[in-house]
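Look for subunit A in each of the two complexes below; its partner is subunit B in the first and subunit C in the second.
Let's look at the complex of A and B:
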């Protein structure tokens, strides 16, 4: 796969995913949640994964880290040359939270309610470094809280999660995620549960940490507004596949795939009066009921008969890579 | 922290924790007194619990508050000495049952799978029997003695805690903070110890407190039918048995009966208060 818009083509990617497939066993038969995803992530780069609920954006990342109990995962996800798919659980655990860490959507419920935040941050460090003393870990916890811009960190380390606001809790989650100096940080809708004003602060913090630590950031979101400011590249996912990928400004300026266009049109505008909120007609395809051919064709206004027959693959169209046979035909003319 | 000046005349009332208010305060005080009696009794015991003090079957009077029994021993003294048996026995039974139940329940709930199935079916089988009958059967087959009665009661009692803790662990295991602990790379042992158990043990704690009284009762029951402490030991159940043969000298059985009543009541009240104070939804504020 060629990499449009990658910051540097020569370097080896820190994370390299090829043909990742995830299938959940369900009572109605296997449900393919992710159906062959490829992407590369370079250090210092921010990649957004966008899509509706059920498009497989979170599942891709969770599968990579072995966090999906019963699902069948195939394909390849190499982190610094180490194959993560099928890796021994103990080795995978050593990578989770130290080399690759993750921030979850809801900071309200993702922290342990019975431990002070300082203890929780210390636990993350000591879980990966048994030689680290309690005192050293506690000191570093204060330092980390300072890094994530929590005021009075010496006092706050002794706070329990219920004593903190949502934004502060998400900062604590971020402090835990960067505690072991990870190379890749996966943020799964980190701002969804927060106030709009706090969202901006959190995104700013993530951006700052990315620069300071040369982190590779994967931002999973359905909020295109967040994507525009904070990331370099974007993968648009639909029904378990990447349907369009490219540099953020290219995708936003000239979206090629009809689904990407639809998503962008759905953004409410403040500069024009809208009578009706625009939406993409129909229901998102689910793994249990995948349409034939291009999974988006039943909702697509450009669809032609052949769309129901063949599922298109990613091809360079315009300035991005998109999986759409209609647009490929238009571009060829 | 900024100090807020209160208007003059406003008194700051520091409220006692819920388990130190009302009936539970009475319960805590009476349990405390029983414990003190049990610990210090040899220093100030009014009479010897095993030696006759004079006439047989004396009715309660100023000198012998609860009279004397068929062998002329002071019933009040013997009743107090009974606490030195019932309380330690209940303590050992409850603590051992909680430990065994916690380990089994935690392993069963957290790791699941075939181990869970096997352990829980064993729990089902044990709990299918009425506890008194099963404890009696086990003690009888081991031979009647205090030690065997304790062993039998532990065997009968731990499954309750195992099941209780398992149900909590299964629920807590699915919470998001546990998932995020997995994503952090915490080991299963660490997660179980620091992320699951602290949020799961409350019902076990509450039940264990209430059950303390139940075990006092069960101990007395076993002794009553001759399977626990044997005469002349001053054990409440055994003393009631002696009262049966002197049915019309009511004080012989009444004194240990009242003692059992007081202890069971106290622990029930304390258990209720603990449950109320842990149950955030139902806190009467």
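Let's look at the complex of A and C:
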């Protein structure tokens, strides 16, 4: 796959995903949740993975890190040259939470309610470094809380999760995620449960950490507003595939795929009062009920008969890569 | 227009919850003296972040929870003085739509039962019920084949349609909508917003629209009230509040909302509030926002700012509760389209 908008073509990507597929066994048969996803991620870069519920955006990342129990995962996901798909669980554990770490939407359910936050941060470090003493880990936990801008870190290190606000709990999660100096941080809807002023604080923090640690950031979100301000590239997912990918400026300026266009059109905007646009009628395709051909065609206002026959693959159209045979035809003329 | 009587006039609404903290009883000051009016056919949006008291305010208005003090006039009748029988009569005219239709619809009732129930409660004659159910389905764009299904068989957007149909069953005049679209995907959000706007016009409804998402609110609100820690800090016509916010909190709130345009985002100055929301058990003296406000001076701790401005007697002007109101020069929303 050609990589539109990658910062440098000579550099090797820190994460390289090819034809990743995830299928869940269900009582009604196999449900293909991810159906062949490709992307590269470079150091210091922020990639957004955008999509609505059930598009496969989270599952892609969870599968890569071996966090999906019963799902069948195929394809390739290489981190610094190491193949993660099918990797021995012990070896995967050594990478996960250390070189590649992840934060989630709901910090309350990700944190252990009966351990102080200091102890939880220490445990993450000592799990990956058996030589690290308890005292040294505890001292570093205070440092980390300070790095994520928690005030009075010496006191807070002794707090339990329930004593903290939602924003502070997410800061603690971020402190745990960066404790082992990861190269890749995957943030799955990190601000969705937070108030908008707290969201601004957390996004500012993630941006700062990315710069200071040269982190590669994968931001999984349904919020195109957050994507616009915080990322360099964007993958738009629908029904388990990337339907459009490109530099964030290009995708927002001239979205090619009808789904991307629809998403941007129906988004309410703060900076202008506008009519409500219902630009994507109907319901999202689910893994159990995948339409034939292009899975978006039943909801697509540009669809022609042939869209129900062949599923298009990503190809350069305009300034991005998009999977749409109608738009490819328009561009070719 | 303003000679028209408001359909809803709330004055000095207070709600204090009693809780135990470290073994002693304390008051949570959830809503501390909130006043607003809603005129026929109008949408008033109450916006604010978690813990500002916006949902409590909405629930107090319909007495789903009992307010501690205040006055809630619905077409001139004070709801807070009514006994339960008289209140039920008034409830015909005002209904509540919840955020989570999944939790507010009984899982073992079919759509038919869910829609018939409010009609039976309000003594609609049996022979009219079936016809009304079909009308309601049409209003929210569901089909007859949906009638015998259960809530879990629907998508989130369809469930919210059922919740709206149920609220509309007895032809109310006022709907209080508490975060009606915040649990939905954006494409579905747009459908429900479109539906709410159409229904408002077709049925001449008035809305109290409670939401945290200022971009969504902008699509529907005629007027906006911004709440912080139990008080309205700014209120006015929506366009004035969005284009010319005067209260520092309103400015911070608007500036925090991301705009889906990389050019605007990269050139925007953002106010990032420092610190945390103070506890509503022990709110700051004077102005409740002063502990996080960059304009605060001694006066703000001593003296509570009143909600004043070009407010008309019926409260429909642009009003601000701040000792140092005014535009924030360094913050712009960016280019308007």
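Simple rule for what comes next: the second predicted complex is superposed on the first by the 324 of 333 C-alpha atoms of A that agree within 3 Å, B and C clash if a C-alpha of one lies under 4 Å from a C-alpha of the other, contacts with A are read in each partner's own complex, and residues count from 1 in each chain.
We adopt the following convention: contacts are C-beta pairs under 8 Å (C-beta built on N, C-alpha and C of every residue); 3 or more make two chains touch, one makes a residue touch a chain.
Keep in mind the model is a prediction, meaning the values are calculated, not measured.
Looking at the superposition, the partner that touches the larger set of subunit A residues, subunit B or subunit C, turns out to be C.
Once the two complexes are overlaid on the shared chain, A:87 sits clear of subunit B and of subunit C alike.
In the overlay built on the shared chain, the residue A:114 is in contact with subunit B alone; subunit C does not reach it. Once the two complexes are overlaid on the shared chain, A:197 sits against subunit C while remaining clear of subunit B.
When the two structures are aligned on the shared chain, A:331 is found in touch with neither subunit B nor subunit C.
In the superposed model, A:254 makes contact with neither subunit B nor subunit C. Of the two partner chains, neither subunit B nor subunit C is touched by A:290. Once the two complexes are overlaid on the shared chain, A:132 sits clear of subunit B and of subunit C alike.
By the touch criterion stated above, A:225 is placed in contact with subunit C alone, subunit B being left untouched.
Contacts of subunit A with subunit B, set against its contacts with subunit C after fitting on chain A, share not one residue.
On the side of subunit B, the complex with subunit A involves touching residues 175-177, 179-187, 190, 194-195, 198-199.
By the touch criterion given at the top, residues 49-50, 155, 157, 185-191, 193-194, 197, 212-216, 218-220, 238-239, 242, 252-266, 268, 270, 272-273, 275-277, 333-337 of subunit C touch subunit A in their complex. Touching subunit B in their complex are the following residues of subunit A: 65, 67, 93-98, 101-102, 104, 106, 109-115, 123-124, 127-128, 173, 176.
Subunit A meets subunit C in the complex at residues 52-53, 151, 165-168, 195-201, 203-204, 222-229, 248-249, 252, 262-264, 266-281, 283-284.
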